[in-house]
Amino acid sequence: MIRDITIGQYYQTKSVMHRLDPRVKLLGTLLFVIAIFTYKNPVGYVLGIIFLCTVIKLSHVPIKFITKGLKGILMILLLTVLINLFLTPGTALVSFWKLTITYEGVAVALTMILRLTMLIMGSSIVTLTTTPNNLTDGLEKGLGFMKIFRVPVGDVAMMMSIALRFIPILLEETDRIMKAQLARGADFESGNLVKKARALVPVLVPLFVSAFRRAGDLAMAMEARCYRGGDGRTKMKPLIYKKRDVIAYIVLFAFMVISIWMGRWSVITDFFNSLYTDLILK
Amino acid sequence: MPLILDHVSQIYNADTENPVKALDDVNLVIPEGQFIGVIGHTGSGKSTLIQHMNGLILPTSGNVYYNGKDITDKDFNKKELRKHVGLVFQYPEHQLFETDVFADVCFGPGNIGMTRKEAEMAAFDALRKVSFPEDLYYASVFELSGGQKRRAAIAGVLAMKPDFLILDEPTAGLDPVGRTEILDMVSELHKTAGITIILVSHSMEDVARYVERVVVMDKGRVAYDDVPREVFSHSEELEAMGLAIPEPSKIARQLVKNGLDVDPGVLTSEEAADSIYKALMKNR
Amino acid sequence: MGKPHKVKLKSMDIVKTDNLVFEYIRRDDEGNPTGVTTALDHVNIDVRQGEFVGILGHNGSGKSTFAKHLNAILYPTEGTVIVNGMNTTDEDKLWDVRSSAGMVFQNPDNQIIGQVVEEDVGFGPENLGVPTKEIWSRVEESLRAVGMLEHRLKSPGKLSGGQKQRVSIAGVLAMHPKCIILDEPTAMLDPSGRREVVRAIRGLNDVEKMTVILITHYMDEVVHADRIFVMDKGKVVMQGTPREIFSEVPALEALRLDVPGPTRIAWELKRKGLPLPDGILTCEELITEIEKCR
């Protein structure tokens, strides 16, 4: 039943993207997102798409796994499009009832679709090529500088990795609890939403009780093994930059500088703006 | 009405490269009134097996019949089946959720359409049958001891007035006296209330002492299905399946090999001691 | 019995408790005190270097509470607990105490932290600040000691209960403790899991000369121990060698404990008048003794 849900969508295969240091991938995602939100003309987007396609190609992850992430945000995507289509002021394209679609609205909506799609696909690549553990390590090390602001980065990373370890255990436990209650005649399927929600009480109570007990046990076990926060810990598998990571950084920075510069270069932007005005005027 | 498993197989991950045969062509007839022990190593398929008996899992192939009806039929009412075939899982913590014991025991009867009054009567009856301490009827389910939780969980299913009661490892984690108390109580349910009991356990000692029929599961198949004496006579085969035969049987069999006239079918320490003593006296 | 007699140095007490008392205040739902429970009542237990000590008792006898004192998870209300020469109440020595007295708990799922076996074993040394290279060698030797080296890259979720507990033991070993305390490590396992864990524990004591304190309610697990302490209601009610303890069948049964099968049969036979020696522990012993009676 519930065990079919897969958590952490890591796609196991071998590729240069899998081998990259998680910090490179995390910073890369950040830069990529910043970049696609700064582009002002189509050239920027074209460069961004080329970059994205290259990365996908390098990752050896089948494209259907990458587009799967888009299904989840379909509603958000549609909502953004509708709001932008109808609420952007400008030159009217079509008008019906009280609603008006403007040329500017179409342009903004298209831009938003493009940006969100690229954003989701870009970040999917990172989660698909990095194990949750590796990702946590990357976050811990990459955000290490936050320690000077007294952010307990190590503890937060530990919390994340423990959560990841316990999700499958708790899912399996949920499955068992549901079966135990089904055997007592519980019904999770029929009835309206309120009834269905109430039917979950007999599942949620034992689940929470068990989760709290586990948390207590785990805290004790960790203390017994001398865990006293992130300070002073050494690492069994420390993250060390390799040659390929340095190369990846150089390519990443170079590409981002060029694409942002081209994407915002006034000469190109002005050219497309005049083209656009001409088209509407005609 | 008997419960019949007819060529039941269960295959997990059938569409992947390494499918798992959890059950492999299992045939069992369970007439009413029996006290059956199901034993097997972890992963032998015994848990999967019992979940087929009340429709929590449907077979990949084969059929399960109860009361002359095929429970694998689409329009078969599974809730009705679960009323007759009660299943208590290993961890009582997985089912206890109400504020107090009594309310929790009323949950099952309420689900199967008893009125409030009927449910409460059934709950009282069930709690009494499992000898649950009366002063704890309104105690919080989270403050009970291990043995009390176990009793409350069994009562929760018993209150639905099942004809078959399946108990999955009801003694796990209890101390010796706690184990004996629970098993005595179950045995009493079988004798006085006439409920058919299916006891799943990996403790051969527990099974040997109480049941009249033993089903041994191994790799998803029924390896043995006979009276305890017969089943435990296959000691080498059982040990190869990762099952330890009761120590008294083991000792008796070794003594027989050494030429002493001991009954090789003894199951408990008392029986073994009696038989060994008699054999030694005869020799003198 | 099968085990060679060990030379014992009296001065080398790894663990020593002196009139250890632990009391806690019971509270009702509103948090008002309703009474005091004495969980440990003047407990004196000493464990020497290299010993295998069994602590027996039924659920609620205080044995787990005792275990938690050795690792400074709980502190005595009265009396002292000395671990490897350190008082557990000495705050400066807290982490030294915890790394000297390694602890394995009951539920295998709730004490494995890593998502890969080897990473979990490395968790303790990481916390102690052991250099990376040494962590790797410690992880390897610890996994080898419990026979789990071949599973080092597996996810804990894919292991059996017995294997998970052996990983937990390795995780403690990698901290290089002076002794290892196992608090009902087999209570949630099936018979074959129990056997493999007990075998691993015995191996640690025999081969690695690790001091072991095994807390359990299964008597057959401590048949090979050097000494046994039996607890009831927070007190040590019996102590001695397994042979001494297991000859007291009625007393043990009164304490809600399970006497090993062979011991039980021997006791019954003895009661019937057979001249068997006291405290028979294993099937082989019993059979040999019965043969002598023919």
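Note that the chains are named A, B and C in the order they appear, and that numbering of residues resets to 1 at the start of each chain.
Going forward, a contact is a pair of C-beta atoms (placed from the backbone, for glycine too) under 8 Å apart; a residue touches a chain by one contact, two chains touch by 3 or more.
From a predicted model like this one, the values you see are computed outputs, not experimental measurements.
Comparing mean CA positions across the assembly, the chain most remote from subunit B is A.
Compared on C-beta pairs in contact, A-B and B-C come out with B-C as the pair having more. Distance between subunit A and subunit B, defined via averaged C-alpha coordinates, is recorded as 47 Å.
Here the CA centre of subunit B is 31 Å from the CA centre of subunit C. Across the assembly, subunit A contributes no residue that touches 2 or more other chains. Listing the residues of subunit B that touch subunit A in their complex gives 51, 54, 56, 79, 82-83, 86-89, 91, 93-97, 107-108, 111-112, 142, 156-157, 160. Subunit A makes touch with subunit B in their complex at residues 173, 176-177, 179-187, 201-202, 205-206, 209-210.
Of all the residues in subunit C, the ones that touch subunit B in their complex are 58-60, 160-161, 187-188, 190-193, 195, 217, 256-258, 260-262, 264-265, 268-269, 272, 274, 283, 286-287, 290-291, 293-294. Looking at the complex, you find that subunit A touches subunit C at residues 132-133, 161-162, 164-165, 168-169, 213-214, 217-218, 220-228, 232-238.
Note for the complex: subunit C touches subunit A at residues 71, 73, 95, 98-99, 102-103, 105, 107, 109-116, 118-119, 122-132, 135-136, 139, 156-157, 171-172, 175.
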